[in-house]
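Quick notes on the structure that follows.
The chains carry the letters A, B and C, assigned in the order they are written, with residues numbered from 1 in each.
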Amino acid sequence: MSALDIVRVGYVKELLAKGQREDSRGMLDFRNISIKTGIIDHAEGSAQVDLGNTRVLAGVKMVVEEPKPDTPNQGNLVMSAELLPLANADYETGPPSPASIELARVVDRGIRAGNCLDLEGMFIEEGKAWSAYVDLYILNYDGNLFDACELAAMAALASAKMPGYKDGAADYTKREKPAKINSIVTSTTFGKIDNKVALDMTGAEESAADGRLTIETDGKIIRAMQKGLSGGFSAEEINGLIQESFKKHAELRKRIEESIR
Amino acid sequence: MREIVLPGTAISDQRISAENTYFDGAKTRSEVVGLYDSAHNEVIQLEGRWKPRPGDVVVGIVERVGRNGVYGISLTEAVDGLLIQDKYDNARFAVGDVIEAEIRDVEHKRLAVLERPKLLRAGSLMQIKAVRVPRLIGKANTMITQIIELTGCNIIVGRNGLVWMRGSNVAAATAAVLTVEREAHTSGLTERIKSMLEKINGNESRT
Amino acid sequence: MGSSLNKPELIVNGKRLDGRDFGELRPIKIEAGVLKNADGSAYLEWGNNKILAAVYGPREATPKHLADPGKAIIKCRYQMAPFSSLGEHNRTGPNRRATEISKVIREVFENVVITSDFPGSEIDIFIEILQGDGGTRAAGLTAASVALANAGIKMKDLVYAVSAGRIGDHVTLDFDMIEDNYSDADMPMAIAPRNNELLLLQMDGGLTIEQFDEAVKMAIGAGKTISALQRDALKRVYETKVSQ
């Protein structure tokens, strides 16, 4: 972080302590959300999500592979995230960072636990099943990659079309039926800064935050959670945030559905 | 007449001496995205990092405190400041303090030796593109003087792009500074900023 | 060049598969200044290629021992996204092809960037191929050139790149993926428009000296269009509406 960033983080911290935000939204408001699907026609599914100034692109490739030995009758989901060095001055080239691995695993967990993608329906025949490779490309960083990536992965999967299948291999010249989606999971990530809780933190707010909590839900039950950073949350606090997360689900889900039409 | 030029654009079929240009045989070409002002024979850069020069006033943040009044000052990502205080100067700074200073010397184009430091207390700090700073200051300080007068804020503009301000009307001053940054290449800007601030002042006095 | 087995007919009734003439470019769209955090950026669509280029710097060179006290160093990374091709999923990370392309693109910019301006610093160029359909190095380089100018990096010229080659007896411009795979020669070029100097030149396949001359002429002819699109993209950034 540059010295100016340190000053900005200090300023954001002061504001949050008063229950205010640098962009003057409410503590539990999202920034503007835009979801566009079908951006990369070479991918079977794709979505670009803008969450304020955070921009991520998710691409889905469907590949014919051997099913995993422990799940011989279903397909597979492989999630990766890359914090591209063009997204932020602090991101470096090189092997995946712990932050990008955590990001991909948390998004993966919610979608997997919610049984969003119908993995059983992706079984083709003995020894053959579809694997969905979801790659999350971070293009511009300004905080809250978790929720942006969850929206992008979900919208990319829900808009994906399966390639054809011929003689034991994928036929990429064909796009047949849509990928089967059982449910839509959305995520809400809260930050805790000096005992104040804020949804959808900007980059400066994330730098100021002591604790972070991601809650993923399908609208009925909790599907995955991840607490990050060193700060803690009380059980009562978490209970309140789960209820908030359920409330936000309807709107986020609507945004995903609208993006697919 | 001012027109937008790009790297490689020929601005003259003769060799003329102008900043941000180079000679290509008998021709003179622009090196940058800029505005070419044929009356003054200059190319004003529209993008790019700040290059420190002796005499520049800068706003910096104290990053390191050494012994005997030696300080490392953060100015930009590519340029560091070094301040060595006079032994008779009792003012002392702490890490995180915001200061205003003047550049005495530049070493290796990326270390600015500073002098005449002044602590800037309890204000707010913003960053704009350094190439837009000359427009924010204006010819003979017209633009910045106007913003200071119409907002009543105390504003210090660093050539490095950091702008410090304090006063009851920081929001209006910030809006004015950002507008200048965004529209630096347009004409009639001084008048537009004036009416923008007068409108804000008018709305406030009515409420 | 691809194998001659199952080679599709690339020219039917004197036209290319997508209906283009031999010397015709695919449609190109360029937008400058698309990413908030980068110092300069450009998004480019060239046929079915979709490319994002961004520039950071001049900033402090890392690691420090790489810094050159006499000039700025340039780093370049070209990468294909894992979802960028019509077929299988590609793994990310550097491979030999991407490493070579990154190197030859860097060398082009070492020619035109005025590196004495910020000694001891580095300029980073990132080229992400979001969707690839042949000619990605030329398209990526063309986008990077716009991103560098958009970052305010001093340069002698606004370089463009394009590829030409041969299908049968025809010297042909700007191959898409199928043509790229089955053509008889491919020659990507980067050219400085002010003097038509070739700053990147790679070739494989087979060309006669006459065909080489014709291919270069074709590339320079197309360069007028590409250069104009680069310039328009950079100028459009300043067409913002003024406040009122």
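Everything that follows uses one rule, which is that a residue touches a chain if its C-beta (ideal position, glycine included) is under 8 Å from a C-beta of that chain, and two chains touch if they have at least 3 such contacts.
Since this is a predicted model, take the numbers as computed values, not measurements.
Novice: Weigh A-B against A-C on C-beta contact pairs and write down the one with more.
Specialist: Higher C-beta contact count between the two pairs: A-C.
Novice: Using each chain's Cα centroid, which is most distant from the centroid of chain A?
Specialist: B
Novice: Indicate the whole-number Å distance between the mean C-alpha point of chain B and the mean C-alpha point of chain C.
Specialist: 34
Novice: Calculate how many whole Å lie between the centre of chain A and the centre of chain B, each centre taken as the average of the chain's C-alpha atoms.
Specialist: 39
Novice: Need the CA-centroid distance for the pair chain A / chain C, whole Å please.
Specialist: From the centre of chain A to the centre of chain C is 31 Å.
Novice: For chain A, write out the residues touching at least two other chains, lowest number first.
Specialist: 89
Novice: On chain C, where are the residues touching two or more other chains?
Specialist: Touching at least two other chains: 59.
Novice: Going by the touch rule set out above, which residues of chain B reach two or more other chains?
Specialist: Residues 77 of chain B touch two or more partner chains.
Novice: Sort out for me which residues of chain A touch chain B in the complex.
Specialist: Residues of chain A touching chain B: 2-4, 6-8, 10-11, 89.
Novice: Name, in rising order, each residue of chain C that touches chain A in their complex.
Specialist: It is residues 35-38, 41, 48, 50, 52-54, 56, 59, 77, 81-89, 92-93, 124, 126, 128, 130-133 of chain C that touch chain A.
Novice: Contact residues on chain B for chain C in the complex?
Specialist: Checking each residue of chain B against chain C gives 4, 6-8, 10, 20, 22, 24, 29, 31-33, 45-49, 51, 77-78, 108-110, 131, 179, 182-183, 185-186, 188-189, 192, 196.
Novice: Taking the touch rule as given, give the residues of chain A at its contact with chain C in the complex, in rising order.
Specialist: Where chain A meets chain C, its residues are 39-43, 46, 53, 55, 57, 59-61, 63, 80, 82, 84-89, 93, 95, 133, 135, 137, 139-142, 170, 172.
Novice: Flag every residue of chain B that touches chain A in the complex, lowest number first.
Specialist: Per the stated touch rule, the residues are 60-63, 74, 77, 96, 98, 124-125, 127, 162.
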